[in-house]
Every structure is written in structure tokens, then in C-alpha cells.
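So that we are looking at the same thing, I have put the structure below in C-alpha cells.
Letters are used for the chains, namely A, B and C, taken in the order the chains are written, and counting of residues starts over at 1 for each.
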């Protein structure tokens, strides 16, 4: 029989050398807001495209006292969020939470929590394609040049085309922003509804793209502007109904199909926000009366 | 066509410009000056080096030896010494490049309005209505109906594409426009209309033009001065009318004769 | 009343238990051993080592077992382990000229010094399913190698199991002696790049490209190499030599002042000889494409050599016309662990972004209806593309 060597892993999986390398990239990213810093992304034990960039950033900044929250689509309970939370529970043994206020590090895919973030928190985004110009110009050598020269005319051509075709800008997620008046940045595929939350945010925002080997950042209280035209200003999605469960207005809602006869309802995409509001006694049109002690 | 009187300094100067492809000569030892508002035609058969020369002048190709100077606000500058940022700014503001193949000069998947508006947005225009109005006015100047503004060039005929490419290049009112066989591959009647258009736009804007063509009729119609190239060298140069009416070199005589015979 | 579905954690755990059970298959059938995989599925093991960039036959066999035989999943497992392993340093370059050759063929010469050594190969087999393999019949023993190659004819075509005593010279070196082929680039002594420790940047030098190709997906390189043969950047290739066998790996120990052997690894090397016209400075000569792979994989080594040569268009003053020449395209898409992750991530929930698109399409349709266009418009609205 073959005898296998014992395999052991470091705190938060990555070895300390690698963490230092990632921290250097993070520091550089913070120093140049919105600039994509190349880094030697490692193979992680989850597939590329499933949050390896975010996981590496989180692993590099996580300390033993941190409290970690992981969301995907705004929810703590989606499969990928569960898998990543479980990964750090197992490899770092850190405390985890679903409450936005309690978390010191929040790793997210596709949403920014509804609850306003505070100083001292870090929001880590999972990024699939960090390059905002990628679908306009496929070549890395060229896009880096365009960023270097702040040559962003092409980006506006895309927005121009949207307006000429649809009457308004038809980009609904991964909506490009200008950071600190310099770099145009892809905010990861968050709905543009969340874009205003990035501006002047007291929390540190870090973006990790594992497969594409890039890290970028928005330091606290940085100006983040969604690109637009003077006469076609940036607008976020509006929902004409409140959350069916908690009655929240001005939050991002998921559409839930209830049956095969066209029945549907709209509920908070941020599950923690919804639960907290219901615990505080808010009830939406289809919501149950304030939940008692039992969890729904 | 009479040359505009100009005692100004030249806009573009080439000195001893050569480009080799391995052992083969692309073009060699070319000197030239182009003045503001002047149209210079470079003529020759295919393989004469005229397209290589155009690529060298427009910095698309680096010379093996020699240099190209361009007059900027702070005097004549060696183009090889420009930073990439300066070079690109030049390309999208003060220069234009009209290519024989419109597909290379246009964004085929972008609407006509977007094609014309791109340069405006690149230099900081951020009002959709203004960009659209300017694009509409330019489409009108190149005789493209305003209701085609949202169509992309794939739906356009060859002549329309070429006119769109001209609008896209002239919208920022460049000082210097390079043209590479702009009427090549078009029907004769379409060619004539396009040449008229180019002539009037160029003279309205006062832009200098360096046009490469194998067609002496195009050179005669558009240019003030002409350079004849053969085997990578300039063999004869002068005022267009003089050179075409009284060619000195046997080769030029042959070229002129073959056009007349045709 | 609507209650949001919970229980993701439990569902995942159950799915994993089900996976473990499915991997095991029918418990009546004896469990497969790592040593069985290592010994009897050795080419699968080789591929996992090559693309996993980790030479360890046992771990590769384990990965294959855990991955239920899925090569890319096994490669992924090996890579995820590899990333956590400490680096002690770089070994000296291995010398394939001293390879203990188990197979070695050249297509450019009828006979070569050292002979054509066919070795264990599928070439020349008839691809007929062999029912005797379903039983536990012993394979026929190969004949021992001829004692002395007095009979030169026989030597050409021997199917040897034993290695020739002296390492045979590289075929391309024979061409090099006459100056008929470009020399190998000189060893600059510089530390080679490490793509697993530095991000890929463009333009990429040849050593970086080769490293990327060596880790690249066999199928992807095969298709690209094939495309060059079908006229998408034709390079007129000849197999100068393919050799497969064991080479010694040595590490220079600073403390000792000399190189210490660490062990042996099996490699497949392909030296492709390609046509070249020459230029004003350089007289006509052949050029090279190079492939080197862990284990035995001629398909991969040959494909790599074809693609390596195609990627050298700029250096050799050729025209770029085809995908196989496009370094950004080739190198950015060769890694199957990256590719499979990104393709398969489309399975992850995307409902937040889809909601945004749904909202937009409804709005656009409402606006469209409000305009009351009687003429049918065939212009498609922007298709909702799945977000990454």
C-alpha cells in the first residue's frame, strides 16, 4: 500500500509568505485608488470564478479576533456564501456572523449590504472581470495603456450607444465608476443600485480577482462617481413596492416566483437586513406578524 | 489647384526617412515638408513605398533611420521623442487618418453617431445632446441622412462608410489628415462625389493633407504638390500641375501617359 | 405566508456525502487502490502531474481517485495542494541530452546515431478493443534488446525495453553542427520566471510562454497546434526528435558548493524543426519549436512545440494571421483550472443581476409599447448576458 504524507495547512489556508505578498498588493491598491494591481494569485481549493480573489484577500487580512460575514446575492445562506464561510471557519477558526453591524470583515459577491457600513469594517468583493474596458477592448496590453493615459473615451461610447438605442443607459450591474477622479473601475457585478454606497464610504473596500490576478481598492471616504452624461445623469433602480416581508422601502428587492400562475412577490435581497427589520416589528404586506423567538 | 500662399513654418517635416524590411527596402531617404492647409499627394504603383512612407509619417511604423518632426505649440518636435500620452492625444485631436478600408478606420459595431462622437468624448465632451447635435451636423456635412445616425456602418454602402470615416476624423477639426487611397475600391461615380466632398471639407477646415494614391486623377484633383515614388525612393516632386503637365522623369512620363491613354 | 428557504449548509453537506458515495460506486466491487491507478492508469497520472505542475505519482493517483477519474478536477486538486508547498529553490536545468531514453524517434532522418527506439507506444497498434484485458491475462513479454548493433538494419527498428548504454545525441544538435538550424537560446543563468509566483504580464518572453504552455490544457494546445497544420499560421513542422525517459534532477547546494541529485523524473521532449526563409542578416536555416512535458505525453509535447513555434512570429519577422500566434489569446486561455472555474461559475446564483436585467427589459418593453410602434421592429434589444 502507498503511504500518503500528512498534509497540514496554515491559519486561513495561505502560507505567511503568500499573505505578505497579497498584503503588499493591497497596500499598493489603497495607495492608488481604483488602480488594478497585478498580484500572483494562488490556486485556491475552490474553483476560479467562485470567489478565489475575494478569498485570498480575506485570508490575507483576517486576524484571529475578526468576525467574518459572507454573503452572495445579499444572502448569508446561498450555497457559495455557506461554502466560503465554512472554509474560513475550518481553516482560521474565526467567529462568523450574519449581522452586518457585528462583522469586521464582510466578503461579498454581487451586493453591498443595505445597513450602512462603518469605519473599521472591511468589505471584500469577489470580482470575476476586473477590467471595465474588457468588453470594449479585449487586449490587456491595450487596456493598461488606456488606463495609464486616462483615455476613457471608449467607455463613454458604450454609454452613448445605450442612450441612442434605448433612450437611457442600459447598464444595470457592473456599472463603471471613476474613483478619486482618476481611474475608471469595475465595481464587480453589483447592481447599479448599490453604486452610491461606494461613494464616501467609511469602510475600506477591497476587490480581489483571482483568475485575472488583480487586486484594487477604494480607501475610506473616497469619491466614487458613476459615469454618465450631464443630460443623462446616473440613476439607480427604483422598486414601486416595499419588501413584502418587512415593508422596507429603498432597498434592493429579489423577485420570488410563488406559483406557476404568475404569482410573485418582491423581498429584500439582503436577508440580514430583512430579518433585523422583522425582529424590530416591521411587517410587509405578505409578512408574518413579528416573529417570536423562533427563527422563520 | 493653386497652392495657398504660405510663409508659415512647415507643419510636418521628414528628414532622411528610411525603413527596411530585412534586406528589402520599404522606403529610403525621403525628405519632405508639409505646410498648414496644404495638400500633398504621394503617388506610385503598389510596392513603390508610398504606404510605408505614410505609416512612418503617422508614427504607426518606426523608421530604420531618419526622423519626423511635427509643429506643436512649443515648436517642431521629433515625433519619436513624444511620450505615448502625447502621441495618442495628437492622434485623436490634431490628426486624422482616413484608411482605404473603412472597416479599419471605423468601429463597425458602433452606430454612426457613436463613431463620430467618439473623438468628442475622448476630448472630454460629456453632454449627450451636444455630442448628438455635433454628430448630426457632421453627418449632414458628409451627406449622410440624419435618420441614419443610429445605424451602424455594417448597414452602409462602401461610399457611405468612407464618408462616415471622414466625418469621424474631421469632427475635432484636425490640422493634419493622412489619407491612404481613400477612394480605392469604389465605383467611379461614387469616387467623384467623394473627391468633391474631401476637397471642399479640407479647404473649409484649412487642414493639411498627405494623401497616398496610385491614381493620378485623384492627385490632380486634390493636391497642391505631388511626390512620385518608385522602388522606395522619391524620383520626382513639385507642384502638381507642373509635374503632371511636364513630367521630367521617364517613369513619371510613363505614368502620366498611361493615365491619358486610359 | 411565504417563508424564505433556509438550510443551505445542510444541503451542501448532504450533497458532499452523496458525492462520496457515488465516487465509491457499487460497494460489492473492490475499492481501487492508489497503487493500481499509479501503475495501470499511468498516462492519466502523467497528465495530472503535467498540468498540475507537480511531479508526484502517488498524489496524482490519489487526486484521480478523489476526482472520480476527472482529469481536470484531479489537476485542480493537485494545484490547490501545490500552492501551499514551501519553495526550497530552483533546480539546475535538467539535461535531456543525458536522458535514459525509453523511447526516441525522429521523423527527419531514416536512421540516427543511437537508433530509433520505439519504446512503449500506441503508434502502430490496431485500435481494436482487446477483450482479453477484461480478464487477468498476463501480457506478452517483450523481446530483450539485441546484444550488439552489428546488424545496423535491425537496430533501426528495434522495440527495446532496455535503454541503449550511452545517451543518444539529440537529432537537432546534428543539424546544429552544420549551422542548418538556429542555435538554442543561450543559458543566461538568470532565474527562470515562475508563473505561480508572479502574475502573467504581456508581452510575455519565450521562457514564460513555454512555462505557461507546459502547464496548459492538453486539449486546448492540441487544437491550436492542429490549427497551425491546417493553415492558420502554417510553420511547416518536422519532428526532429521526440524522446521520453528519465532525467536526473539536481539542486545546487550552496553549503556544499556542488549539485546534489534529488531523484529522477520522466519527461517527454519534442524538438520540432520548422522551415524558415532567412533574412538579410540571417542565411536560410531551420527554426525550432520546443515542447517539454512531465511524464509520457507526446501529444502534448508536440502540440506545445507547434504552438511555441507559432508564437515566435514576431521574433522571426512573420505575419500574425491566426489565433495560435496571438500570445495574449493563447496564454490567457490555456489554463484549464482557470477555464473550468470560470465556465462552471455560471452555475452560481446570479439572481441579483438577473433581477436588474429583468427590470430593464420590462421597462424597455413598456416604453416600446407606449411608443405604439405599429411597424414591427426587428432590432434586438441588448441581450441579458449572464454576469460573471
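For the reader, a short list of remarks on this structure follows.
Just so we're on the same page, contacts are C-beta pairs under 8 Å (C-beta built on N, C-alpha and C of every residue); 3 or more make two chains touch, one makes a residue touch a chain.
This is a predicted model, so every value here is computed, not measured.
Two chain pairs, A-B and A-C, are compared here, and A-C has more C-beta pairs in contact (counted per touch definition above).
Each chain's centre was taken as the mean of its CA atoms, and the one lying most distant from subunit C is B. Between subunit A and subunit B the centroid-to-centroid distance comes to 48 Å (mean Cα coordinates, whole Å).
One inter-chain figure worth recording: subunit A and subunit C are separated by 34 Å, centre to centre, where each centre is the mean of the chain's CA atoms. For subunit A, the set of residues touching two or more other chains reads 165.
Here subunit A touches subunit B in the complex through residues 145, 148-149, 151-154, 156-157, 160-161, 163-165, 229-232, going by the rule given at the top. Across the interface of their complex, subunit C is touched by residues 1-2, 4, 7, 9-10, 13-15, 18, 38-45, 47-50, 52, 72-74, 77-83, 86, 109-111, 128-129, 138-141, 162, 165-167, 170, 172-174, 189-193, 211, 213, 237, 244-245, 252-256, 258, 265, 267, 269, 271, 286-288, 295-296 of subunit A.
Looking at the complex, you find that subunit B touches subunit A at residues 84-85, 88, 92, 107, 110-111, 113-114, 117-119, 121-123, 126-129, 131-132, 149-150.
Here subunit C touches subunit A in the complex through residues 1-4, 6-9, 11-12, 33-35, 38, 58-59, 61-62, 76, 79-84, 86, 196-203, 328, 332, 337-338, 340-345, 348-353, 355-360, 364, 367, 379, 381-382, 387-388, going by the rule given at the top.
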